[in-house]
Structure formats: C-alpha cells, structure tokens
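In the part that follows, the structures are each spelled out as structure tokens.
Same chain, two partners: chain A is paired with chain B first, then with chain C.
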Partner chain A sequence: MVQLVGDGGDAVAPPPRVTGRSVLDWISRRAEVVVIPLGAILAGLVLFGVFLWIQGHDPFQFYDLMYLGGFGRQLSIESALSRAAPLLFAALCVALPARLGLVVIGGEGAIVLGGLAAAAIALPLANAPAFVGIPAMAIAAMIAGGFWIGIAGALRHYRGVNETISSLLLAYVAIALMNHIVEGPLRDPASLNKPSTAPIADQLMVGTLPGLNVHWGFAVGVVACILAWILIDRTTWGFSARIAGGNVRAAQIQGLPVGKLIIGFCALGGAFAGLAGMFEVAAVQYSANGSLAARYGYTGILIAFLARHNPLMIIPFAVLLGGIEASGGLIQRRMGLPDATILVFEGLLFVLILISETFYGRFRIFNPEKRSPA
Partner chain B sequence: MDTDLGWWAVPLALIGGAIRISTPFLFVSLGETITEKSGRINLGLEGTLIFGAMIGYGMAYLIGDAWAQAAINDAIAQGLPPPAVSARSYPMAAWLGVGIAAIAGSLFGVVHGLICSLKRVNDIAVGIAMMLFGMGIAFYFGKPFIAPAAPDLPSIPFAAWSDVSQVRDAFNVNALFIIGIVLAVVLWWAFRNTRLGLILRVVGDSADAARALGYNINLVRTLATAVGGAFAGIGGAFLSLYYPGSWNEGISSGQGLMAVALVIFARWNPIACFWAAMLFGGTSALGPALQAVGVTGGYYLFNAAPYILTLGLMVATSSRNRAMAGAPGELSITR
Partner chain C sequence: MPFKPVPSRRDLLKTGAALGALGVASPLIGARAFAQGALTVGFIYVGPRDDYGYNQAHAEGAAAVKAIPGVTVIEEENVPESVAVQRSMESMIEFDGAALVFPTSFGYFDPHMLAVAPRYPGVQFRHCGAVWQEGVHPANTGTYFGYIGLGQYLNGIVAAHASRTKKIGFVAAKPIPQVLININSFLLGARSVDPTITCQVIFTGEWSMAVREAEATNALIDQGVDVVTCHVDGPKVVVETAAARGAYVCGYHANQSALAPALYLTGAEWNWATLYTNFVNQALAGEPLANFVRGGLSDGFVKMSPYGPAVTAEAAAAADAVKAEMMSGGFSVFRGPLYTNTGTLVIPEGTAYLETDIALESMDYLVEGVIGSTS
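What follows is the complex of A and B.
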C-alpha cells in the first residue's frame, strides 16, 4: 500500500508550542493545503494557455469562454452544479478508500452498474409512489455500486490483488455487462438507435431543487461529502482507517479490523458512485443506456486528488470541474477546438497537482516549527 | 476460397487471433517488464498506447500522402500520366510511423520518470494522470486522422501454401510479432547476462545497494521508464497500422492496463510475457470467433473475457502474506 494521505511536513514535526503566535501559525499551516493546489491550478492555466497559443488559438478567449460557459451566468452556474452532482459521488469513491492508502480508479464501473440497477428496479415499481420507488432505486444503486468496488477491496484484503488494476478491470467488465443487458434482456424495443432500458415511470423522476434548475443529486452529493467527512474525521472508524492506511501491521497489532475497514470503505465509496448512476438515470437520462459511461468516474479521480482526499474539499473542486466541463460545448462551438480539449486540460491539471505534492513541507512560511528557533 | 470449416473455425480463429491480437500486449508487457525491473511501475502505458496509435497512424498517413503527392507531381512534371498512388501505397511510411510512435512513447516515459523522481510523488498516481493525459492529447490531435486511410504494416504469409482462406488468414504474421518474440528472448538473456541487466536489477531490488554501488537510481529508473514507453508506443502503432488497422477513439479499451497486470502474472520474465500475451490474444479473439460461427448471444459478455481472465490470473497469482517470487524488491505495487 502507499501513503496517500500525508499531513505534509508537519506529520513528523513536534507538536507546536502554544504561544502568542499560535493563531498565526495555525493559519500558515492550514494555508499550505490551499496555496499549493491553487499554485498547481494556476501553473496549469498558464501552461495550457501556452499550449493553445503555440497552435494559434487565443488563450484569453479560451478562459473567457470557460468562465462564461461554466460560471458567468445563472444558466451556466446551474449547468456547472448539475455536472458536479455525479462528480461529487465519483470523487468520494476515490477519497474514501484513499484513507486506507488504496488507489481505487474504477468508480466508472460502480456508476454504470448503479444506474443500471436503479433503472432495472424501476421497471416493476412503475406504479409505486415516489416515496417508495425513489428510495428503492437509490438503495439498489448503492448495493450494486458498493458490491462492485467491494470486490476490489475484498480481493485486496484476502488475496493481495492490486486494487488500482482490479478496480479498473472491473469497470470494463461493468460496462460490458451494461451493454449486454441494455441490448439484450432489458432492452426497450422502442429504443432504436440507442439501446436503452424502458423509461422509468413519471413519478420516479427526480426533479430540481427549489428555485434552481439543478437536480436533487447535487444536494444529496453535498450531504454525502459532509457525511463522509464526519465519518473519516470525527468517528473512530475514520481514525482506525487512517491508522491502517499509515501502517497496516501496526493497525493489526492494535487489533483493528483491517479487513472490514478495507472492504467497508471500498464498498461505501462504491455505493456513493452507484448513487451517481442512480441520479443520472432518475434525473437526467430517465433510462439506463451507454451514456452512463460518461467518464465521470475518471474526472472524479482528478477531483479527489485535487482535494487531497478531503471530502469537504471535494465540494468546491467538483463544482470547479463541473463548470470547466460544462463550458466544453461553448468552447468547441466558438473556437472550433476538438471536444477533447477539456480532457487535455484535465490531464495536465492532474499531472501538475501530483508534481505539487513534492512541495509540501518545503516552504518555511507554512511550517512555523521550522521557522521559530527551538 | 472460403471453405466451410464448421466448428473447426473456432480454434483456428483463436490461434490466428492470438497471433494478431497478442502483439500489442507483448510489446507493452515487455516494456513494462523493463520499467518494473528498475523498481517503478508505469500505469500510464494505456495512455502511451493510445497516443502511439494516434501518432503512428497520423504520421504514417501524412508521410505516405506526401510521398504519393510527390510521385504524382513528378509524373506530371515529366509529362507522364499520374500514377494511381495514395498514402496506402507506401508501407515504408507505416514503419516510419512505428518509429515516431516509439519516440513519442519514450517521451511519455521520460515525463513519467522525471515526475516520479521527485520526492513524495507516488508512481501509481502519476501513472493514472499520464494515462488520462495521454488519452486526452491523443483524442485532441487525433480528430483529423479518423477518416483518412494510412498504409498498413506488411505481413508475412506463412501459410501461402494452403488453399483454405481461413488458414492463410490465421497465419498471416506481422513482422512486429516476430520482432516481439526476438525482443523477448534478447531481454530474457540480457537481464541475466549483461551489465545493463545487472544494474537494472540492482536498482530495482534494493535502492540502498544501488546507491552504495554508486548508481544514479533516478536516472536508471527514468531511462527504464523511457524504454518501456517506447515499447508501448510501438504496441499502439501496431493497433492502428495493422490490427484493427485504423485510428479511432475506441482503439484501446484497457489493453495497456491489462498488459501491466500481465507482467505481474508473468513474474517479470520476458519469455513468460510472450506466452501470457498469446493467451490474452486468444481470449480477446473469443467473442469475434464465436460470432463468426453463428453464436451471437452474449457478444458483449465474451468481449469481457480478457478482463475477467486478467482478474482471475491476478487472484490466482497474488498472495495475501508473502511477497511475490521474482518481484523486484523496490516495486510499490507488490508491497
């Protein structure tokens, strides 16, 4: 396993003495985790600007359109928040196992299966009232997604199989399974060009938040992030997971249930990703089809790393990435850039955020212990 | 002549498929073996593979097209009727495409290697980032090359004697496949018997020992990742220039990643990599082979066979407690 969640340089530093400067010290220590990712994003903006400029595109027009399409108007903010909804869940699927030092990248599979399970259970519930049907869809999606990522966790624990590779392989299997089911057993004969399951009943469709054209998935996603933060920062389970993530053997000697923690955190992450699929079906597509594999799982990996696997930080970064992705269409139309432009930008951002890991603990201003004489 | 072989067509298609489909698996896994022997893992080879497919195809087309235009212009200048040539008339351009894909792949490897040389940067995470970046940049620059036809890599008809077309097809062997076999044997020998092989193994097994011997660990690992990247680039060019033989955004779905898993299964042994690649190629051919004899149900499920096989092999060969036999000591993925 790898050490994914570090506390930067102060992990090894002695506890700070309480002095008059302790508040300032506290701020400067906390500032590190904000300033370094922001620096990486800024570097990404500059480098990508150069990339565009070399090809004769206007980087300022690009960022202008990105702002306009993602954040500049109420319409674009709504579209950013709608796109952020699945990303919140997908990022949790990476951030929760990361507490145990696991790198799970197969969230896409849990999203796809969650959506499929929700659409499948909606079929016999066509006449059920919303308060029965919608929770049933959510539970089915969480079980399907949780089971899928739980497999990766169980393989890791019982057989030592690398969870990064196994979870991505499981994602490919999940997509094949979804294709098989929407083209075979559950295909709606009316879906000609795009094989889909039958549309869900009207009363099972999830609506929008009051006063905003954003579906409920966003609000549920924010609540999920807050709950996940409470779980890992404020409960003994989260504390145990952090210990196990730091040193498995020490955790086992302490008598911590490492296996249950690994499988549980993976399954919980997968269950959240499954909810992303459920909301895609219940609030966007209204049936399960190939559109469920829309790369949310992969953007979620980037968001989790940007947030350094802190569930609360996932919220702003998911909105940021949701806005960036929402602006893709506008950029494509106005500047004639290929739709993969956003993908390149995200890949660059990912590389830079990992490079920025090396700077933690290197700047004196963020490490008051080093600054003040002992 | 298309002979009706009945069910015999299935094993024949599997053997033919193994030979055709295994080549990218073979190249990526040989490259990854070199990288992992040095103690690092590069999960980004999926992205390298896709970028190699794009740049190999694109360059082969552009070079072939330029040569075709030059030939036509020459003929017109000499007052001759223009020859009926196109980009596809120049297999040499396809080989240049392979070379360019190798160079591009090694650049990806260098970037991965340099970033991983930084302190506190995790090689698995960098691999994921490079995978997404490689795909993005391949799709970004690859749009104009989806339509045009690039030249194919030539193949050697080993079964030209046969009058059954399926047999001829199955044993139409691409030169890269043979190069891959030769490389596997050479690497197997070089790891054991050459100074470079020894340096690689020392760096991969014990960073402390390598440091004590005065080797620059980060340099060795970065070079090993660069060579691994070049191999993956070649594997990608095979995908687009021979089989399936065109460039599109769905050209690889996890082949690069499965090849990384395959290295663990093959216990970092190049010869075993070859057999594992053949097994994967055969499994990947299962869906199309069954479809050809009329079994159409469960087409998508058969396409999932290679992923399930990979998972099964990983489960069978991993262990909860003991370190894997033959694993480089510094490798993060087996600890």
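What follows is the complex of A and C.
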C-alpha cells in the first residue's frame, strides 16, 4: 500500500490500491525484519566456520552435525523442542519488559521460584485431581515468578533502581532462597544426597504431546508467545507500553499509567518465567531441587534479543537455540570439541545480532518510499 | 541385545562421505562393530572432565576402558541434571549405538535415567551413587558407588602429623550424608593421632562454586588452620588457594599433587578404572551385569595418593599401619561412645559401624571436635 509521509502525517490515507508494485513494497518493507537477522546468522556461520578452520576443524562437518543433532531426525527435533520449551517462557520474561525500554535479565530467579512454588502447592494437593492440581501449580508458579520480577519493576518505578542490576541480583537471592527451602523446611527426608522437595503426585505430572516425546510446556509456551504478541500489538495496554517505552515523559504527559505499566509488564514477564519453572517441576524433575537453576533464564535473554523482543519471533529463535544446544553433545562426541564450543557460537551470534540492529532503515530496498519514484 | 539404530538415507550418505576422513563412531560403523562383538560405551559427566576432581576421576576410569580392544568410548561433559542428560543418553544410544551408558552424577538417576531406561530395554544403564532396588527400578539399570570415608580417615592421620596449630580445615559443598561422613572421618582420623585436634568446616552450599571455595579456604587459613581438605566437585581452587597460603593439602576425588607438589600430603581418590573395566569386560563376554555394586579401599574402588615430600616417615608409617588394618577388613571409624559437636550421644558404647553399615547413610551430624553446623 502507498504510505503518505511528510506533511500528510495526520491526513487520512487513501484506500490502498492492490497493484503489483504495492505488494512488492509491502513485501520489501516486511522483509527487513527477516533478512537482517538471517544475514547476521549467516555471517555468524561464516565467521565461526573460519574460526573452526583456523583451529584445524572441519566447519562443514560441524554444521552438518549441528543440523543432524538439532533437526536432522525426529529424535533431534524432539530434543530441540523440549530444550526450547523453558526458553520460550524465559525469553518472554525479557521481551515483555523490553517493550517498555527495560532490560530485565533476572528471569532465572522467577524460574526457580516458580518451580519451587509449584512443587510446594503440589504437596497439599497430592490427592487432588489433575484438573485442579495442575492449574493450581501453574497459578502458584505465575504468582511467585510475577512477584519476583514485579519487585524489580517496582524498584525501578518507585526508587529509580536500575532494573538490569536489581533483577540479576534478585536471581541470586531467589536461587539461595530456593536452596534454603529445599534443604530446610520443605526437604523430603528421603532425599538424602540430593536435597529436594517431596515428589509431586503421579496425577499432577504433565505428560508429552501426542506422537512427540516433548512435554506440554512447549505447546503452552507457543500459546504464551502468541498471547503476548496479541497483548503488545493488538491491545491498548500494549500500545501504551510501547509509547512509554519510546518516551516516558511523553507517555506521562498523555496521562498513561506508566508505573502500573512498568510493574505490570515486569510481573507478567516474571509470571511466564514462573511457568517455565512449573513445567520443569511438573514435566521433567517431578520435585523442586537445585537442578531448577539450569540457566534457562540466561539463554532466554539471548533469544529475546535475537527476536528483537517480538513475542512471535521468539518461537523460531527458541527452537533454533534449542536445536543448537541439542547438537552440542553430538559435536563433542564426534569432533572432540569442548562443550563450550556451542557457547562460543551462541555468543558470536548474539554480538552479530546486536551489530545488525544498526542496519535497520539503512537499506533502500527495504524502504520503498525512499526509492526514486517510478 | 545391543540397540541397533537404523541409519537413514541421509546418514548413509554422510557416513560414506565422512568414512575416509574421520575415524568416528557413526551409526553405520557402530552397527557393523556390534556384529564383531564390540561395544560402544557412553560416559556422561556433570562438570569438565579435567576438573582435578569428581569428573576427572570418572574420566580416568573411562580412559582405562578405552584401552580395551573392541571398545569405543564416547563422552560428554558439562551435562546438566535436566532434560539435557535424558537427551544426551538418547543421542548416545541412537546416533552412536551405545549399548552401555554410565551417567556419573548423582542427580542423573531420578527421574532422568529412570525415564530413559525403559524405552531402551536392550541398553544397560549403570549409575554412580544412587541405590538400585529390585522391582522398583528397571532391570536394565543399576548403580555403583564406593566407600571413601576410610580414605578421609587416613587423610586425617597424615594431617594430624603435619599440623602444628592443631587446627585442620574442611571445605564442604552441602551437609548431606556422604559429605558428613567424610568430614567426621577426617576429624576422627586426626583425633586418633592427637585427641586435641579440631576441624573447622565451611559449607559453600554448591557443588561447584570457585569463588566461595576460595573464600572458604582463605577464611580457614585466617583462623589458623594449616591443613586443608575438601569435598566439592573440583578441588582445584581449594588446593591452589591453600598452597598459595602455605597450608598443607589432603586431596579428594582425584590426585591433585601436580597443583601443590611441595604441600600435597596425600589424598583419598576414586579408582573407577577397576569398576569400569570389570563392567565392560563382562558386557563384552555377554555376561549379565550386576545391578548393585559397592566397594571400598580393600575392593580397589578407592585408593590413596602417593605420599608427598612433606609427609614424615613417622606419619607415613602410622597411616600405613591403619591402612593395613583396613585392608584386612573389619575396621570401623564410627564406634561408640561417639558424641556430636552439640553434645548428643549418637553411637553408644559398644556399638561400632562398618563403612558399609546402612545406618551411616543417613548421617546428619558433625562429631565432637568438628567446628561448624549442618544447618
């Protein structure tokens, strides 16, 4: 469609004429958000390949194994998706506050506390049916996670404390709190050498998706991403948040409830991260213990930035990262490379994606109105 | 029956391409190897395999297995106790044709190994540390572990001879029974030499947290401790920090003498090579593998590091005498009357527990002479 620019800013746009040219323009404008990250990933593949080659390893074998171990077979895809499940939630915990201009990196804390809350509420619900117990676990986890990241939001709003630092430090507090509780008040006396809460009841365990050895957390995570996208892109709350993220003072002058938005979006992000913890307990560990701190919260940061904080884009990037991590074992075994190889590769991708941010709006092909008129 | 993966067309193409250039265990090679009665064995470690500690001890065992003809060893390190270890086991089985898998970290057992094993009845799983129960756990799974408390008792004897301040120290991860047995054994060994010795313990709260391990070691030495040992996954930081401060070190898990050549006294080491070699030889011969295996010093599951240069002849003789008694069997570290450091009598007069006694597996106290608290 043709867009009016310049002096026609607040004029009503004429009805779009569907012509070949306008479709092409629409595609080229939309293509920017796909082509630039893909270009960054491609550059990462090439650079890392050169790095491997200098180190005396075969980059083609590396990428071949990465494909095989991450996506090449049903087993690999299942591995990628089950690793992606907690990452979807963890990335939302970064992406939602990011729409307000906040950089929250402490999702790990919300994950472990969400898992702990889910395991704790499952104790008195040992005889409850699944349709009561599982939602109760999810709600407890969302409250715990939401409260925790909500603290970072409230500190930001009321005291001006940097939310990046406070959320990160709160994550350490959360892990210490979780360790204290599973080693103390809620410790199952039978868990001698690995302090844990008592296992959740059988009927509260969450199973796998039909025909796929991947737990339901993945499907719920995808739905959560879609809901978050609707919230941000299709509701007035999301619109207000984006305005506040763009310019806080302008938002305040407009009378937007900036404080409520900050705390609310932080809490919502935390609630999603709490759900990641709930699924770790309900579908993987079956009790809360130190293994909940599996660093998903930190990989989530990477995914949110790769997705440019767009909840829909989180889905493919979480699967991509899940696949890369799924292939790590195969690469270790077949090529004798250290496990950190995958981390180095992820780090390189992260830097390149950040660099690629500077390319938005620079290429004329993606900005049809800047092209010379036909 | 070893699991035999069916290679896809893609795999066949890839293997064909990779075969000449790379000596790797691809599914095709794995499948052919089975026909010749060979075996692929997988080892999974929770930390780095060169950590001078828990994981290195297992990796040394794996290295011994590599020397057996016809055996291919595949290894993965830094695998978390999460869905990651389940997927690593599946990947080793399906991509590399592993027929015997050793997930070596305590947290890999329940629920992870127990979730994967029933899906692969043709593969044998043996786990380090947990307690396998017939009828409760799958028949193709099993567990093994060693009694290393006697090793810490011998460490204590050597430490008591070396200490001038009569204060020895222990950097511990978590107050769980296995760790408490080691702390108490270390102190009781030292007190068998000099009943006035005390042992200060600091818990770091984590199996692997270098910063706190260094802080704990420094704090111990600041309080006058002059011999340090530990029970964390990787003793490297403790050993190096203690040696840099001029304190003597007793090792744990593996041999750390290379990190402190002058100050390393001795150490309680795992000797997993014996166990892994036995398991693999049995598997190669087609014999059934035991589901529950345990052993200590006299079974060759545990060994002591050679004495360092700082160990006097008198100290070595004293430790060797006790070790000889241990090797002949019936030696008990925990015998009554034994009081906790809060004054409770835990083992009455006339009672003595062997290292294999089930009563020790739920230990929740520090004995008199240990300065510190389990909570």
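By definition in this document, the second predicted complex is superposed on the first by the 352 of 374 C-alpha atoms of A that agree within 3 Å, B and C clash if a C-alpha of one lies under 4 Å from a C-alpha of the other, contacts with A are read in each partner's own complex, and residues count from 1 in each chain.
We adopt the following convention: a contact is a pair of C-beta atoms (placed from the backbone, for glycine too) under 8 Å apart; a residue touches a chain by one contact, two chains touch by 3 or more.
Just so you know, these numbers come straight off a predicted model, no measurement behind them.
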After the superposition on A, what does A:Glu346 contact: first (chain B), second (chain C), both or neither? first
Quick one: is A:Pro195 in contact with chain B, with chain C, with both, or with neither? Answer first, second, both or neither. second
Between chain B (first) and chain C (second), which, if any, makes contact with A:Leu354: first, second, both or neither? first
Which chain, chain B or chain C, ends up touching more residues of chain A in the combined arrangement? B
Where does A:Pro210 make contact in the superposed view: on chain B (first), on chain C (second), on both, or on neither? neither
After the superposition on A, what does A:Arg159 contact: first (chain B), second (chain C), both or neither? first
Based on the superposed arrangement, let me know which partner A:Gly56 touches: chain B (first), chain C (second), both, or neither? neither
According to the stated criteria, A:Asn179 is in contact with first (chain B), second (chain C), both, or neither; which is it? both
If you lay the two complexes on top of each other, which residues of chain A touch chain B in one and chain C in the other? 176, 179, 183-184, 338-340
Across the complex, what residues on chain A touch chain B? 1-4, 6, 103, 105, 155, 157-162, 164-166, 168-170, 172-173, 176-177, 179-180, 183-184, 298, 301-302, 305, 338-341, 343-348, 350-351, 353-355, 357-358, 360
Considering the complex alone, what residue numbers of chain C touch chain A? 8, 10-11, 14, 18, 21-22, 24-26, 74-84, 87-88, 90-92, 94-96, 106-107, 111, 129, 174-178, 205-206, 361-362, 375
Complex contacts: residues of chain A adjacent to chain C: 58, 61, 64, 68-69, 72-73, 75, 79, 82-83, 176, 179, 183-184, 192-195, 280, 284-286, 289-291, 294-295, 325-326, 329-330, 332-335, 338-340
Using the touch rule from the top, collect the residues of chain B that touch chain A in their complex. 43, 111, 115, 118-122, 124-126, 128-130, 132-137, 139-140, 143, 253-254, 257-258, 260-261, 264, 297-301, 303-304, 307-308, 310-311, 314-315, 318-321, 332-335
